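Chain naming follows the written order as A, B, C, D and E, and within any one chain the residues start at number 1.
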Amino acid sequence: TRRLNMIEAINEALAIMLERDPDVIILGEDVGYFGGVFRATAGLQEKFGKTRVFDTPISECGIIGVAVGMGAYGLRPVPEIQFADYIYPGLDQLVSEAARLRYRSAGEFIAPMTVRSPFGGGIFGGQTHSQSPEALFTHVSGIKTVIPSTPHDAKGLLISAIEDNDPVIFFEPKRIYNGPFTGFYDKPVEPWKKHRDSQVPEGYYKIPLGKARTVREGEALTVLVYGTMVHVAEAVCEARGVDAEIIDLRTLVPLDIEAIETSVKKTGRCLIIHEATRTSGFGAELSALVTERCFYHLEAPVDRVTGFDTPYPHSLEWAYFPGPVRIGEAIDKIMSE
Amino acid sequence: TRRLNMIEAINEALAIMLERDPDVIILGEDVGYFGGVFRATAGLQEKFGKTRVFDTPISECGIIGVAVGMGAYGLRPVPEIQFADYIYPGLDQLVSEAARLRYRSAGEFIAPMTVRSPFGGGIFGGQTHSQSPEALFTHVSGIKTVIPSTPHDAKGLLISAIEDNDPVIFFEPKRIYNGPFTGFYDKPVEPWKKHRDSQVPEGYYKIPLGKARTVREGEALTVLVYGTMVHVAEAVCEARGVDAEIIDLRTLVPLDIEAIETSVKKTGRCLIIHEATRTSGFGAELSALVTERCFYHLEAPVDRVTGFDTPYPHSLEWAYFPGPVRIGEAIDKIMSE
Amino acid sequence: KAAAKPTPAPSAPHGRQKVLASPAVRQRAKDLGIDLSEVKPAADGRVRHADLDAFLSYNGANGFASAGT
Amino acid sequence: KPGAQPRPDEACEASETAPLTLDLIRVLGDDNQAHGPWDPKLDADTLRQMLHHFAMVRAFDARMYRGQRQGKTSFYMKCTGEEATSISAAMALASDDMVFPSYRQQGILIARGYPLVEMINQIYSNRGDKLKGRQLPIMYSSRENSFFSISGNLATQTPQAVGWAMASAIKGDTRIAATWVGEGSTAEGDFHSACTFAAVYNAPVIINVVNNQWAISSFSGFAGAERTTFAARALGYGIAGLRVDGNDPLAVYAAERWAANRARSNSGPTLIEHFTYRAEGHSTSDDPGAYRSAHEGEEWPLGDPVNRLKKHLIELGEWDEDRHAAMDIACAEEVKAATKEAEKNGILGHGLHHPFHTMFEDVFETLPWHLEEQAAQAIHEREVKWPEGKKP
Amino acid sequence: KPGAQPRPDEACEASETAPLTLDLIRVLGDDNQAHGPWDPKLDADTLRQMLHHFAMVRAFDARMYRGQRQGKTSFYMKCTGEEATSISAAMALASDDMVFPSYRQQGILIARGYPLVEMINQIYSNRGDKLKGRQLPIMYSSRENSFFSISGNLATQTPQAVGWAMASAIKGDTRIAATWVGEGSTAEGDFHSACTFAAVYNAPVIINVVNNQWAISSFSGFAGAERTTFAARALGYGIAGLRVDGNDPLAVYAAERWAANRARSNSGPTLIEHFTYRAEGHSTSDDPGAYRSAHEGEEWPLGDPVNRLKKHLIELGEWDEDRHAAMDIACAEEVKAATKEAEKNGILGHGLHHPFHTMFEDVFETLPWHLEEQAAQAIHEREVKWPEGKKP
C-alpha cells in the first residue's frame, strides 16, 4: 500500500479497469486530452488511447444515452458527469432508460455503466457546483448509489461499481478529493497522506457494494453518514467525547440494513447526517427505516442533521453547511433525552 | 354547486383563470386543438384562441423552458406534461431554473408557472404511464407540490396554484379522473357524480396551498395520504371499522405540519400511504417528521404502505398497487402494537 | 388494543389519557407488565426509565419482583 | 419526378446530399415501373417477400386492434400506411445490424422472422410473454433478432443507437446501427444528442425519421415541418441526409441501403426522412376524428405502399390479383392461428400471468434485501386474496 | 473577403441566408476600412463609445481576475478577445430588448451602463450585492437593464429567451429577445428546444452562438465544428442564419441589427454564429496550458477586436494612440475606484455578507414553516459561533 489522495485512488481504479477489461471505456466532458476538470482521468487517454478514453460534446443526455447503447453492445462505459448539479439533462436517460433496461427487456439488454460525478459543497461553488442529489437516485428502482469517503474505499468501490452489471451512480465528495475535511473550515485541512484511510493497496481489489463500514464503534449513539460528512461526524464526536458508533454507509442502494439495525438496537439512539437539502433527503428514508425496524429500542427520536432547504448559497456556505455546531447540538439533544 | 368529475373541475378552473387573467396561458403536447389526451383542456383553444391555449413540439425541456421565459416576461403559464413519466426531459428546466429563479435573482425574476401532469397508475399503462414521481420535487427547494383528490379540491387548488407566484407542480391522479377509485379493482368504480366531493361551486374559489383536509376524524390512528390513495384508505378504514383519522395532505410542499402533529399526538399511531415506490418516497419524509415531532406520543412504529421498488409492471399492476390487503394488514399491525 | 378508555384527561380532551414515553420505555414497561398510565411521569409529562425504576422500587416494596436490568 | 433524383456516391461528402434533403427520392412511377438511379433492382423473389411482409403486418395489425377492442389487452398501435418505412428499410440492412425502433416498427420484427406467437404473447402480457408481462403491449424486445427493447419515452433510443454504433466502431465490428423516430419526437433533446454525437464521432448509424405527418393530434408543423424538411436537420449537423417517399418501397429500400453501405464503409452517419402518412389513429386510445377530417385519411397522399408494390409486381408480370387475394387470406389465417396459440398462454388480466416473484426480478441482477422483503409481501398478499386452490 | 458577403433583405425567406451560414460576414478589412453591404455606417461617436466599452470590459476583466487571485473572491471569467460579440451585439439592440446571456457577456452590462460597483459587489458576494451573495461571481441579474439572471447550467437560457420572445409577441409588444450561448453548449438539448420552438412559433428572438473555439479544454470539434458551421444549424430548422466574424465589431453590429430588425418586424428568428477566439483560460479555475499550445493564443486568429476597432477609428481620423492610451488609463482608474467602493461592502468570506435570514428568503415568495424553523436554527448557530460582540 501507498498513500494516495482520493483523486489518485480514483484514477488508479480507472486505470486498472481499463487495463483488465478491454470493454471498459471512459467518456465525458473534458475527461480525455485534459484529464478532467478535477484531474480524475489524467493520463488515461495518453495511456489507453482515444477509443478508450474520450471527450464528448456538452450533452449529459447524449453522454448517458450513448453509454446505454454501448452497454447494450457489450461495453462497460464509465461516463463522467462533470458536476452532479449538471446531471439533470441526462436524468431521463439514467432513470427511464439505464435503470429500467434490464427489467423491461427481462434481462435481454443491460446497462452496466458507472456514472461518476463529483458532488457536494464546501468549495464556494455556488448553487450549481455544490449540490447533493443522491436522494433522487435512491427513489428510482434499478440503479445503485455509491458514495465513498476515503481513498481506500474510493478505489475498491469504484472497481466494484465498474464490474457490477447494474447501472451505478458513483458520487465523489469533491470537498474531500484532497483531504479529509472535518467541517472546521477555518482550520487548514490535513492532506490525505496523513490519514489512516489513505493507505491504498496497489493493484486490483474490491469493496463490495451494499456493505457499510463501521468508522468507529460505540455504545451511546449510532451515527449514519456518508461522503464528506463521515469526517465531520467523526471530528465532532471526537471533540465532544461521545461514545458514538459511526457507520459510513458507502452504498445507499442497496443499503446495509443489517449494520444499521444491529447498531441502533445496541445504542438506542440514532443521528443521521447529510449535506443534501433536508426535505425528502436520503436521511428521511434512513429515519423511516430505523423507526420501522428498531422502534422499541429507541430512547430518543431519530434525528437528522442536514443542509437547509434552500439552494446552496455562495457567500453563506458555511452557514448552510451542516457543520460542527449543528451536529454537536443535535448530539447533545439526543443524548439528553 | 354542480356535480363534476375531476376532468370537468380542472377544465373549469382553467377556463376561469383564462377568463380572469389575460396573462394566463396554456401550452403542451396536444392541449390545443384536440384539448389534451385526457380532455382536460377541451374547448379552451376554441374559446380563448391560439395565443392563449396552444399545442407545442414534443419537447418537455422546451415546454418548461419557454414557460420560464414567459414567466420572466410577466405571463402566468400553465404547461401540461402529458404524463408525469415524461417530465424528466424537462426536469432541469424545472428544478434548476424555475425552482431557483426567484432565489438566484433575489426576486428580480420569478417563474409563476403551474405545471399540470397526470400521474399514478391503475390504468394498465405500463411502466411509462403510471409513475408517481412527486417525491423528487419535494426534495427540490423552490417548487410547491400539489395533489388533489376530489373534483372540489382540484378546482380550488388549481386556481390557487395558478395564482401562486411560485412554480407549482400539480399532479393529477389520473386513476380518479372519472371516479373515486377505492382500490377494489374487481368492482365497478362509482362515477364522481355520486360522491359527496363532486359538489363543485360555480365560478372562482380557492383552496389554500399548504392546508390539509381531514377526510374523516378518528381517535385510533392517523392516516396520512394524498391523491388516489385517499379513497382507497377511506374505503379500507370503512371496511375494517377502524376509527382512523384520515388526512388528505393536498399539498406536500409546503406541508400542513400542524394538522399532522395534532392528529398523531391525539391518536399515537400513524400510517402513511402512497402509490410511489417505497424507498425515498415522500412517505419517508412524513415518517421522519412524525418521529421527530411526535416521538413520545407514538404507541406503535410509524408505518408506510407504498408501491414496491420496481417499475410499474403492466400485467401485475394489481399486485403492485398498494391496495386494500396491503393497507388493511398494515392497519391491523399498527393497531395490535 | 384499539379500545380507548374514555377517561378524560386535561391535556387530551377528546381521547384516552396519553402517556408520553419513548418506545424503549414503552417496551420495557410492557415486558414488565406495567401499565404506563399508572406510572407517575416527570414534570414534563413524560415517563422515563428512571420513572419506571422508581415505580418498580415503590411497587417492589409492595411485593413485586424486581425486573433487574 | 420519380427517378429524377441523383444518387451520389455512398462515400460522398455529406454536403453533396444537401439537395436530396429538400427533394423526395422516388423510384416507383405512376406507371408502376421503377425509375432512375435509386432503383435498387431487386429480384422478384425479394419483392414478393417484401409484399408478403407488408400483408402480414397489415393482417397482424387488423387482428391485434380487434383483440384490444375485445378486451384481450390494454393497448395497441397500428402502422397502417407506414409499412415500407420499417419493412423495406429492415430488408436493406444486414439481419444482424442492430435496430433501435420506436413503437411503430413492428414491420421490422415481421421482416426478421420473429414468431407471431411471441409478439402476441407480449401484447397479451401473458404467461408466455418473454418480457414477463412487464411492458405495455407492442414494446417488444428481441436480442436474438438484434431488435432493441422499445421504450415508452420518445426519442431516447436515438442516442442509444449512436452509442451502439460507436461501440461497434470501437470494436472494429462491421455491424451498424439504425434507429427510427417519429417526426414529432425529433423535437426532443435526445434526437439532437443523437445527431451531434453521430456527427462528432462519425458513427456508423442510420437515423430514420418517420414523418407520418402526425404526432397524436398535432400535425407535423408543430415539429417544424412548415419551415423546412426533417431531412434538412442533417444539414445542420453536417451529416448526410436523404428525404424519401416513405410509401415507395423501392425508394425506401434504396435509401436505407445507400445509408447502410455508407455507414459500413465508415463514411459516416445518415439521417433519412421517410415522408409517409399515418393512415389510422395514433393508437387504440386515440380518436383521430376529433382532430382531422375523415377523408384526409382516405386520400392516402402518397398512395398505399402495399398497393404500390403489388401493382409494381403485377406490372413486372410477377404477381396477380388472385395470388394477392390468396396471400391476404393466408396471412389472416396465419395470424389467427398464432392468436389461438398465444391465447393458450392467457390474455391480459385473466390470471395466466407470470408468477408474482418475477415482478421483483431484473430490477437488479440479484435481489437486494428490500426487494426480497417486498416480494415476500406480494406473495403473501396473493395468498390472502386467493387462498390455496382459489383461482387468482 | 471583407465586404464580399451579400446582405439579403431583413424580411427575406430564411433559405436565402443559407450561403451566409457557411461564409463569414466581415466588414473591416486589413486596410482598417469598412467594406460592403454589411457596413453598419456607424457615426464616430458611436464607434468611440463602443471602443470605450471594449476598453472598460478589458480593464474590468484584468482587475477582477487579479482580485480573484488575491483571494477577494472565489471565481472569475474573462471574455478577452470576445468583447465584440457582446458589446457590439448589445449596441445593435434596443436597450429594453431582453437579453438572456451565458456567463461570458459582461460586455452587455457595460454597454447598458450597469454600474461597475454593482458588478463588483456581486463578484465579491458582499453586503452590497443585490443578489444577496447567493450566486457564484459573474452570475449577474439586472431586471432594470433587461438582463436576465445568469444560470450555471449551460444553454438553459436559450428556450427561456424564446419563451420571453413568444410572450412579447403574444402581448403585441415590440421588444424582442436575444440569447447568447457558447458553441460547446449548443450540444445541449435546450439549444435544440430553443431552435425548434423559435422556428415553430416564428418567435422574435436572436440566438447568438459564440463560437470561441473552446469549451474548457475541448475544441469546437467536440460540438461538431469539423462537420459544418454552427450557423448551419439554422438551416436544419429552416430559420435564418448568419455567420459573422466575431472579432469584427462592425460586422457583429450589422448582423445583430439585421436579426433585430427581422425579429421586430415579425419576420422570424435568426441564429447568428459569432466566430471568435477565447484568448484566455476558461475561468480562474482553469489551466489552458494543459491542453493548448502557448502561442495559439498569441496568434489571435481573427485579430484582437479592440485593436481592430481602434485602428478603424484612427484610419477614419477620429482617434489616435494618445487618446487610446489615456482612455485605457481612465478605464483602469474607474475600475479601481469602483473596486475600492465595492470593497467597503466587504469581500468574499470576510463577514460583510448579508444577514443569515436572507439565506431563506426568496426560496418561495413567503417563508413556509420549515424554512422559518431552519432560519431560526441558522441564526441560533450564528450566535453559538460568534456570541454577542465577537465579530463573525
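Going forward, a residue touches a chain if its C-beta (ideal position, glycine included) is under 8 Å from a C-beta of that chain, and two chains touch if they have at least 3 such contacts.
Being a predicted model, the structure only gives us computed values, none of them experimental.
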{"item": "Any chain that touches subunit E and subunit C", "value": "A, B"}
{"item": "Comparison of A-C and A-E (more C-beta pairs in contact)", "value": "A-E"}
{"item": "Subunit B and subunit C: spacing of chain centres that average the CA atoms, whole Å", "value": "41"}
{"item": "Distance between the centres, which are taken as Cα means, of subunit B and subunit A, whole angstrom", "value": "31"}
{"item": "Intercentroid distance (Cα basis), subunit D paired with subunit C, Å", "value": "70"}
{"item": "Subunit B residues counted as touching two or more neighbouring chains", "value": "56-57, 59, 61-62, 85, 88-89, 92, 96, 103-104, 127-128, 141-142, 253, 279, 295, 298, 301, 309-311"}
{"item": "Multi-chain contact sites of subunit C, meaning residues that touch two or more partners", "value": "22-23, 26"}
{"item": "Residues of subunit D engaged with two or more neighbouring chains", "value": "132, 134-135, 139, 151, 153, 187-190, 192-193, 196, 200, 222-224, 363, 370"}
{"item": "Interchain contacts (touch definition) - all pairs", "value": "A-B, A-C, A-D, A-E, B-C, B-D, B-E, D-E"}
{"item": "Contact footprint of subunit A on subunit D as seen in their complex", "value": "98, 100, 130-132, 134-135, 139, 141-143, 148-149, 151, 153, 156, 158-168, 170-171, 177, 189-190, 192-194, 196-197, 200, 362-365, 368-370"}
{"item": "Partner subunit B, residues of subunit D touching it in the complex", "value": "74-75, 125-126, 129, 132-137, 139, 151-155, 184-185, 187-190, 215-218, 222-224, 285-286, 290-291, 348-349, 353-354, 356, 358-360, 363, 370-371, 374, 377-378, 381-382, 384-385"}
{"item": "Complex contact set, residues of subunit A against subunit C", "value": "268, 295-300, 337"}
{"item": "Subunit B-facing residues of subunit C, complex", "value": "1-2, 4, 12, 14-16, 18, 20-23, 26, 46"}
{"item": "Subunit E - residues contacting subunit D, complex", "value": "14-15, 187-193, 196, 199-200, 221-224, 226-228, 232-239"}
